[in-house]
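Common to both upcoming complexes is subunit A, partnered first by subunit B, then by subunit C.
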Partner chain A sequence: MSYVKALKCRECGQEYEKVAKYVCEFCFGPLEAAYDYDKIKKDISREKIAARPLNIWRYRELLPVEGTNYNTLEEGYTPLIKADRLGKELGLKNLYVKNDCANPTHSFKDRVVAVASTRALELGFDTLSCASTGNLANAVAAYGARGGMKRYVFIPSNLEKGKVIASLIYDPKLIGVNGNYDDVNRLCSEIAGKYKWAFVNINMRPYYAEGSKTLGFETAEQLGWKAPDQVVVPMASGSLLTKIWKGTQEFIKVGLIADKKMRMFGAQATGCSPITTAYKAKTDTFRPVKPNTIAKSLAIGNPADGYYALKTINESNGGAEMASDEEIVEGIKLLARTEGIFAETAGGVTVACLKKLAESGALDPDAVTVAYITGTGLKTQEAVADHLNQVQVIQPNLEAFEATQLTAVS
Partner chain B sequence: MAVKVLIPTPLRNLTNNQAEVSAEGNSISEIIDNLSKNHNGLRDRLVDENGKVRRFVNVYLNEEDIRFLQGEGTAVKAGDTISIVPAIAGGK
Partner chain C sequence: MATIQKIVELDYPSELVTEPVLSNLIKKYDINVNLRRASITKGFGYVQMQIDGDEKEVKGALAELTAKGIDVNPIEKDVLES
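== the complex of A and B ==
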């Protein structure tokens, strides 16, 4: 049974049936799942959630699917780690890292694709598809396989090799498009108009995007049913930031946690920072950019949810920062060195921006702070390969070892 | 001058389900104005009361976002293709 009443336009409020539709026919505004919160409030409780399996479906009342036949690989409920060593380096006394590398295909995209593919199967689709910067491609290829679906995955042709292999292994039709993500997206929206496929981030978007709320739910549950004071989230389209906010607000609305003014901070790469740029310029008009950054999973020059992300940042009294390629690499290394987590480039952006926000005083050093690491560094090894210490090769004897170590020490 | 205009699914109820229509004009804004002659109501879906392309609509001239060109004033010539694409989320 579903608690979703309809799909509803975020701009004009027009309602639609719960089908594969993503844009309002009247004003082109994005459609979003509208829930019966009163009913959810009656039916949901901390105890009920706590008794369920440790995956995203423990929050099923607040997810937009009808049944309980989930297309799942046990995604979600990833570790929330108290990051004291990183916090000490940055001067943050209550820092946590939400490590979403610990998902089945090693990024937060498993959350959104689990929801989108489950709903796609409910609606009778036999083909799962997406336009992707890499992580989403991996998740669609894997979850499509898990659900017994055909898979068409579209990526920019210049993607990191690790992300390409991590899609190909699931045997989808993988199409590399000559162009950047925005070009892939435009092509896919034309394809989606013609073929009857479930494009997770196009016609399934109202369902897909809701999966990201689970990051907000889990954070609150893992903090002992409390929202954090301030969070730092990587931004490409801006969707993740708005959904972590929405998830937390929903938890408040249905009475699972107390009301709190959580501050939202967004992180972008300098080479693709339309949202941060608009924030700093105090405008709500976005100028699309041609991305030029090693953080390819954030390289969306035309942010579809940028307007809402900016609004959320401003309304929550948060902020936004950006990080250069060099700072991104340093961010990845800093997180790995202090906390033992190997993040992808987007995680480097988050950590680098976290550092800047801490240094500038934008973040309260005493407040409970959560930084979101959304994908693993194993997929983007090229980004750091040339910036690491080299292997010390020695002969297999004790003298050689000690000679090397003495050299290294001196 | 006639150009080809690609119509996205949500607007095809205004074009008799045609995915592609032809329109006359020398600039993007003229094309958008003229679209409504044959397809009643189409213009109002695409631009606001000031003639600006709506926030959630992207317009491309031969695969280039018009915001990288001269916006609504961008000149068009015979044989060009204009794509109208709703904004799409992805990445983070």
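== the complex of A and C ==
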């Protein structure tokens, strides 16, 4: 059974049936799932959740699907590790890293696509679609395969071959679109309007976005059923930050955790920072930007949820930072060196901004802090390839090894 | 030619804020325009609107806005994600 009452406009409150619809007919505001929290509060408990499998569906009452026939690859319940070495370098005494590289296709997109594809199947769609340069394409191709769906994935035609292998292996229809970033965006909006497909982040957006809440749920559960004091989240569309906040507030609302004022901090790349720029300028007005950063996974110049992310940051007394390409590379290396996690460029943005926020005093050094690492570095190796120590090649004898003096350094 | 409907957002550069862009557009193209949300100040203009008409007219009107230097985006904003 579902605890979702309706789709509801975030702006005017107009309610709609739970169909594939994403924008309010009256005010053009975005739609999102509205739940019966009183009923959920009666039915949900820590014990009930704890007895379920370790995946996102353990929080089923707070996800926007009707039944229990989940389209799943066991996504979610990824490690939350205490990051003492990184914390020591940054001066943060209670730092944790949520490692979402550990998902089935190695990014947090598995959470959102699992929810979107499950709902799409419930609504009778036979085709799953998206426009993507990487992680989302991988997830749609994989979860569509898992659900026995046809899959159409649109990519810029100049995307490197290496980046499409992880999608092509699942045998989707992969369409390379000639033109720039805006051309791909416009075409996909047009296609989504014409074809009756489940376009995960267009007509399925109200369901898709809810999958991100599970990062907030898991963090609270893994911390022993309490919310962190402050979190640092990478921002592309801004949806992830707003949904981690929403998930945590829902846990409070249904009585699973105690009320707490959690502070939300957003991280963007300097080359694509519309939300951070608006935050620093103390305005709620966004100007679309043309992305120019190595953090391709955060390169959304006109963020759909930017306004709401900014609102959440301000209401939670949080903040926002940005990191240059050089700082992003250093962030990736710092996380790998100190905690053994190889993050993609978005993770480099998060760590670099975490560092800046710690140095500036924006973050409380004693507070429980969580940084979100949303995808693996194995997909974006080119970002760091030229910034690493080189292999030392030697002849196969002991003298040659000792001549390198590698044993002199630890 | 088929009738189509588009929902778009317009981001105006500051130099166009004082120009009656939409008024001129409606005179030139056989379209209906329905504004739903707008924020216009000295420095910039932002409009969300629905535009209806024959496909050729709607596409011509949107292309003209783009040619004038207005950023025309679908209401769902950027959907090309990583």
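Criterion: the second predicted complex is superposed on the first by the 392 of 410 C-alpha atoms of A that agree within 3 Å, B and C clash if a C-alpha of one lies under 4 Å from a C-alpha of the other, contacts with A are read in each partner's own complex, and residues count from 1 in each chain.
The rule is short, and it goes like this: a contact is a pair of C-beta atoms (placed from the backbone, for glycine too) under 8 Å apart; a residue touches a chain by one contact, two chains touch by 3 or more.
None of the values given here were measured: they were computed from a predicted structure.
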{"item": "When both partners are placed on the shared chain, which of subunit B and subunit C touches more of subunit A", "value": "B"}
{"item": "First, second, both or neither for A:G67, with subunit B first and subunit C second", "value": "neither"}
{"item": "Contacts of A:T133 with subunit B and subunit C, given as first, second, both or neither", "value": "both"}
{"item": "Partner chain in contact with A:A236 - subunit B first, subunit C second, else both or neither", "value": "both"}
{"item": "Subunit B versus subunit C as contact partner of A:C27, first or second or both or neither", "value": "both"}
{"item": "Touched partner set for A:Y307, first subunit B, second subunit C, both or neither", "value": "first"}
{"item": "Contacts of A:N201 with subunit B and subunit C, given as first, second, both or neither", "value": "both"}
{"item": "Residues of subunit A at both interfaces, subunit B in one complex, subunit C in the other", "value": "22-23, 26-28, 130-133, 136, 181-182, 185-186, 188-189, 192, 201-202, 205, 236-237, 287-288, 297-300, 302, 304, 346"}
{"item": "Subunit B residues within the subunit A interface of the complex", "value": "6, 8-13, 19, 45-46, 54-58, 60, 63, 65, 67-68, 83, 85-92"}
{"item": "Contacting residues of subunit C [partner subunit A, same complex]", "value": "7, 11, 36-37, 39, 44, 46, 48, 71, 73-82"}
{"item": "Parts of subunit A lying in touch with subunit B, wherever the complex brings them together", "value": "11, 21-30, 108, 130-133, 136, 181-183, 185-186, 188-190, 192-194, 201-202, 205, 209, 233-241, 287-288, 290, 297-300, 302, 304-305, 307, 346, 374"}
{"item": "In the complex with subunit C, residue positions of subunit A that touch it", "value": "22-23, 26-28, 109, 130-136, 154, 156, 181-182, 184-186, 188-189, 192, 199, 201-202, 205, 236-237, 285, 287-288, 296-304, 346, 375"}
